Amino acid sequence: GTTQPSTSGGEITVFAAASLTESFQQLGEEFEAANPGTKVSFNFAGSSALAQQLNQGAPADVFASAAPANMKQVTDTGTITATPTTFAKNTLQIAVPKGNPGKITGLADFAKGDLKIALCAEQVPCGAAAKKVFAAAKITPSPDTLEQDVKAVLTKVSLGEVDAALVYRTDVQAAGDKVEGEDFAEASSAVNDYPIAPLAKAPNAATAKAFVDYVLSEKGKKVLAAAGFTAP
Amino acid sequence: MTLHAELRVQRASFSLDIDLSIEPGEVVALLGPNGAGKTTALRALAGLVPSDSRIHHNESTWDGLPAEKRPIGVVFQDYLLFAHMSALDNVAFGLRARGTRKAEANAVALQWLDQVGLADFAHVKPRTLSGGQAQRVALARALATAPELLLLDEPLAALDASTRLRVRSELGRHLADYPGHTLLVTHDPLDAMVLADRLVILEHGRVVQEGSPRDVVRQPRTDYVANLVGLNFYRGVADGTEVRLDDGGTLTIAEPADGPVHVVFPPAAVSLYPEKPAGSPRNTWQAVVTGIEPHAHTTRVDLDGSPAVLADITTATVAELRLQPGHALWVSLKATEIHTYPR
Amino acid sequence: MRSRLPVVLVLPAVVGLAFLLVPLAGLLIKAPWATLPAQLFSQEVGQALQLSLICASLATIVCLVLGVPLAWLLARSDLPGRGVLRALVTVPLVLPPVVGGVALLLVLGRRGVVGQYLDQWFGISLPFTTAGVVLAEAFVAMPFLVISVEGALRAADPRFEEAAATLGASRWLTFRRVTLPSVMPGVVAGTVLCWARALGEFGATITFAGNFPGKTTTMPLAVYLALETDPDAAIVLSIVLLLVSVAVLAGLRDKWISGPS
Amino acid sequence: MRSRLPVVLVLPAVVGLAFLLVPLAGLLIKAPWATLPAQLFSQEVGQALQLSLICASLATIVCLVLGVPLAWLLARSDLPGRGVLRALVTVPLVLPPVVGGVALLLVLGRRGVVGQYLDQWFGISLPFTTAGVVLAEAFVAMPFLVISVEGALRAADPRFEEAAATLGASRWLTFRRVTLPSVMPGVVAGTVLCWARALGEFGATITFAGNFPGKTTTMPLAVYLALETDPDAAIVLSIVLLLVSVAVLAGLRDKWISGPS
Amino acid sequence: MTLHAELRVQRASFSLDIDLSIEPGEVVALLGPNGAGKTTALRALAGLVPSDSRIHHNESTWDGLPAEKRPIGVVFQDYLLFAHMSALDNVAFGLRARGTRKAEANAVALQWLDQVGLADFAHVKPRTLSGGQAQRVALARALATAPELLLLDEPLAALDASTRLRVRSELGRHLADYPGHTLLVTHDPLDAMVLADRLVILEHGRVVQEGSPRDVVRQPRTDYVANLVGLNFYRGVADGTEVRLDDGGTLTIAEPADGPVHVVFPPAAVSLYPEKPAGSPRNTWQAVVTGIEPHAHTTRVDLDGSPAVLADITTATVAELRLQPGHALWVSLKATEIHTYPR
């Protein structure tokens, strides 16, 4: 059966987007400390893979997605019936290699053909966001590559393969000192929401709700803010 | 209990079509020139080649049976020893396959290796055996399972003269004791004569002659067989004591005959003279030496004439006549040495 | 006693070797070695490494048990449509591993074609378990084994099998005692490919088995997560994986291999 | 003329076949066939498919040219440390492909150990080009070829090479005319593995060569991106890739293979 | 221009240590029991086996040379035909390897195939050739390159009697014309006698006897050689016309000798009687039949006595005496038939 009553006290499984790895691991530890007897295990992977798994009946209590689209894939099938809540937002930043060898000063440089530019593919959230930003700024970028995720973009930035890229500020922060971030004005025109929701058939519904609440709490916000997320 | 086989195999440009019967305890030797189909016949009996053959034995038929269900033992022309097993394991393989326990199988295998004189090589891999040693292991492997039908493809070909003598007589002893049926493919007429009760001569996939060694030796029916047993051989038409040979020449014989006959006489019955001899022999004709082959105690001389003829003479005579290819000589042959029989 | 090696063979061989090894050397040079000891002795890495080795080995065993007979069937039997079957067997190679994982979920997931019955009748659920990791790795790695072994079987002389048959050996005994030992180098090659592929497997694993530390987080998954948080650590982790696999392969292969040359 | 196939071999073979094919059947069943024609005839898909086939084939040629001599060197020469070399050659198998891509970038990238000179001296930059795709695929796929061919070489009887030598054939001629034809089934098996692996290659390609439609977007990359937004479309794309590869493999292999059995 | 070779090979439990010289145009036959090291010697000459051998030819040394740089042709004991090439391509391979153009190489190859009687099989793959056909292709392949040193490992072993006769005499003709050096490994004394100018007998990796066929036939020095040439052979100590044999028995000889000698006589010189014969032969003793082997025209009888002896008698005599293993008979031997020579 799929809905056995919780027998293992407070153990829950959280499916979370890979970009949340660091902050959610910390949140999990804090949550366990705050609620003795509970245990949080994580399954970190790409949001779309997680959505697939959930739709195939994966045993999870909570889903935290990096994009509303992936959350929608799960709510569409009824695997999640609760209304998802946005718990964090992420904005784009210009990422350049340490020392900014391409002398990038703003979004306008993305139109220069002689620079190596990496963007995310339109199909992934950061690519969709970048498209909006360029539309708002009325710039036609000349990318050399349209990467399938932010990490792939950052790898190329940190190795100096590209002179500039457009990625989330949280990712720039995680990439360490090999990558420098530059804010730009048009970033506000494309903000990415991170939704979270407990599953309809969560084996441990009570603890699942408690964990969602904890993420949305002030303590949760602080951890997320430290990773570079902005509050919803 | 006779084994009856009608073997029919069709290959690209070759067809085999022979009927064979082998009595229990009988050893049949299959002789024939290279490419005659001896190996093919053996493979058809073993069930290793797709064929329309029909094989009956012991009121049962083998037609549908796969090779491993046939109670056979095979020695292959190129050994086919399993390279990753020791000689002992090779020999024990058939016994193990038939369910004998390991210790027992090994004991029997060792006994067989001993019989072929290779007990010391029991734990050696085939790769390090010499050609003859490998052949003997293959022999032991096929014999070890005491099969009902033993198929031997040139079992003695790679053995040296002394080992061959020994293995041949051991094989002969084993085959004599052996209650099953044996088919022996060989090129060596001596092996066939010594080991077989009956010879079957194959040419171009068909049986051309069949009979006891003695009959075949006395009355060959094809050039190949005559060659095999070392006789001068002609076809001719007899009219009383005269035989007109198909390929030219006439011979006088002692016992009158009539109609188409085969004519044979041993090379040793032929005498050579530098001048036309005067004397009792009824047949004398001139011939030219085309080849000389020294044997251990005699020399074989190839002569072209009407008819062409082979002569075995003593090495002393060769020296005395100063034989050289191209020399013209007189050939003399007593009528009583010539044997004829109907075609 | 043979002549010098011919340049026309040695030159491309050396270029090929360089092509494979220089990038690895690059990794080794640029790796932040200082963090290596800390990584090596961290509990998670130890766990992931152990899980990787166990799962890859189990997957390899599954592949050997199922794949070697399959290779034999493809090489030796006279099934109709062997050509198509053989091509189908190579398909999981071409499939992007993530799609392979999806396919496994579709079939063996809790709502899958087969999986729903496994779940209802036996209470067995494969996704998100260590068994799931083994399955995912086996699915991706098996074609390597099958194709290598089939190639070896096709190159082997079938007359030795005939000789075994005349000695009364059933097909099974012949297979075990004659065929298999004679194609051992090919089986070893296939096993190495299979094990290595299973060890490096990522896409199908994370999709089908998820990413649960201690249960399904193998080294490649750990590398993936490390890429999210600390790219340098990811490289160090990869090197750890490399070193372990080189050690295992170099240690084992020469023991197994005792062929000619 | 042989007996029935033994159950002990056929059973695991059939289970193995089912294990490989049922998930594919699952994909086929669940695929949204209605969208297939639209996908098939869309320009991007056509472009990606074409690029995939071209790059995989080129990568396979590179692998054959470099890998077969390398396999020969490993199998037949008496280099010291062959065991370790052989293990090192398998390493790109174990490496998560993304890390393999990073390794290639470290060496051949714009700032790479070798790449910076390629860039400065010849103006050649491999990342983000189709040549980069070929290189990345070759790097990942070559070990498959090398190991298969080496296995086949080890199983081949070296005495035929001796016979060729006594006829005055150099090692190179012997290799071309005697060794290579006699291990053809192994080479074919390796080539199939290599081509299939190159065709399905994703991680190293996207990391080293990036993703730009018409230049570096191969089918697996297209599948990946489709997975992000429309998993059904991704499945259809995968099936297209599968069907094409099965057709190619089934068509070619029986032509190449004319061994025993 | 003589080829001098000191062949030293160390194998697991076997060592080869022989010196060989072969004159230009000379054919040396290497004979010996299975496992004597014949193939190993041949491989050392061909450069196929790591060895400490030293080979000088034509003021140059082959020591460091790899096989493909040596001007050799080899026929291997198990053919080693290239399975994926047609018979023609196999034969043309050596010529192509030495740079001959394709059309020319094929023409020469076809000529060679024709010489061994296989022109019709030019485009056939070795797998479909019979054993003997394969052997002949291997022969043609080795001869096609006209090598300086021709190495033949049992080149005639798989041929049938008539083909063998033909290929042997063709081979003999070719070897006679052939200016190079030839080493022939064979088990068949007849092949050796017919084809070779000199015999080298190998046992356990050492040369035990060497000489012209005539000398070896007359004066064998080991049991193996005596067996090979078909002589009764004993070691003994002579004192005038009496020879006391080492293994028991005494023989009277015609020509007085002294000291340790070898004693030989042909089996055909032995007569058998049911009763003790009275007459001129100086040697008579009793013996028991242990084996009977019919040959084409005579029968060989194995007898155990003091000494044990082989006798060749006519088949008629066998019938007349009703010979059976176990029978006791009288053996008689004329002193003049016995040949002795110092040990």
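When the chains are written out, they are named A, B, C, D and E in that same order, and each has its own residue count from 1.
Rule of thumb we're sticking to: a contact is a pair of C-beta atoms (placed from the backbone, for glycine too) under 8 Å apart; a residue touches a chain by one contact, two chains touch by 3 or more.
Please read these numbers as outputs of a predicted model, since none were measured by experiment.
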item	value
Touch-network distance, chain A to chain B, counted in steps	2
Chains linked by the largest number of contacting C-beta pairs	C-D
Chain B and chain E, separation of their C-alpha mean positions in angstrom	20
Centre-of-Cα separation between chain E and chain C, whole angstrom	56
Residue list for chain B, restricted to those that touch at least two other chains	47-48, 66-68
Of all residues in chain D, the ones touching two or more other chains	2-3, 98, 102, 106, 165, 170-171, 182, 184, 224, 227, 231
Touching two or more other chains - residue numbers and ranges from chain A	49, 52, 155
Chain B residues touching chain E - in the complex, by the definition given at the top	11-12, 31-36, 38-39, 77-78, 128-133, 136, 153-154, 157-165, 169, 187-190, 193-194, 213, 217, 223-224, 227-230, 266, 268, 291, 293-297
In the complex, chain D residues that touch chain C	2-3, 5-6, 8-13, 15-17, 19-27, 29-30, 65-67, 69-70, 72-73, 75-77, 83-100, 102-104, 106-108, 112-114, 138-139, 142-144, 146-148, 150-152, 154-158, 165, 170-172, 175, 182-190, 192-193, 196-197, 199-200, 202-203, 220, 223-224, 227, 231, 234-235, 238, 241-242, 245-247, 249-250, 253-254, 257, 259-261
For the chain A and chain D complex, residues of the former touching the latter	46, 48-49, 51-52, 69, 73, 116, 118, 121, 123-124, 143-148, 152, 155-156, 159-161
For the chain B and chain C complex, residues of the former touching the latter	46-48, 66-68, 70, 72-74, 76, 80, 82-85, 93-94, 97-98, 141-142, 145, 151
List of chain A residues in touch with chain C within their complex	2, 13, 18-19, 21-22, 41-45, 49, 52-53, 56-59, 151, 154-155, 158, 174-176, 178
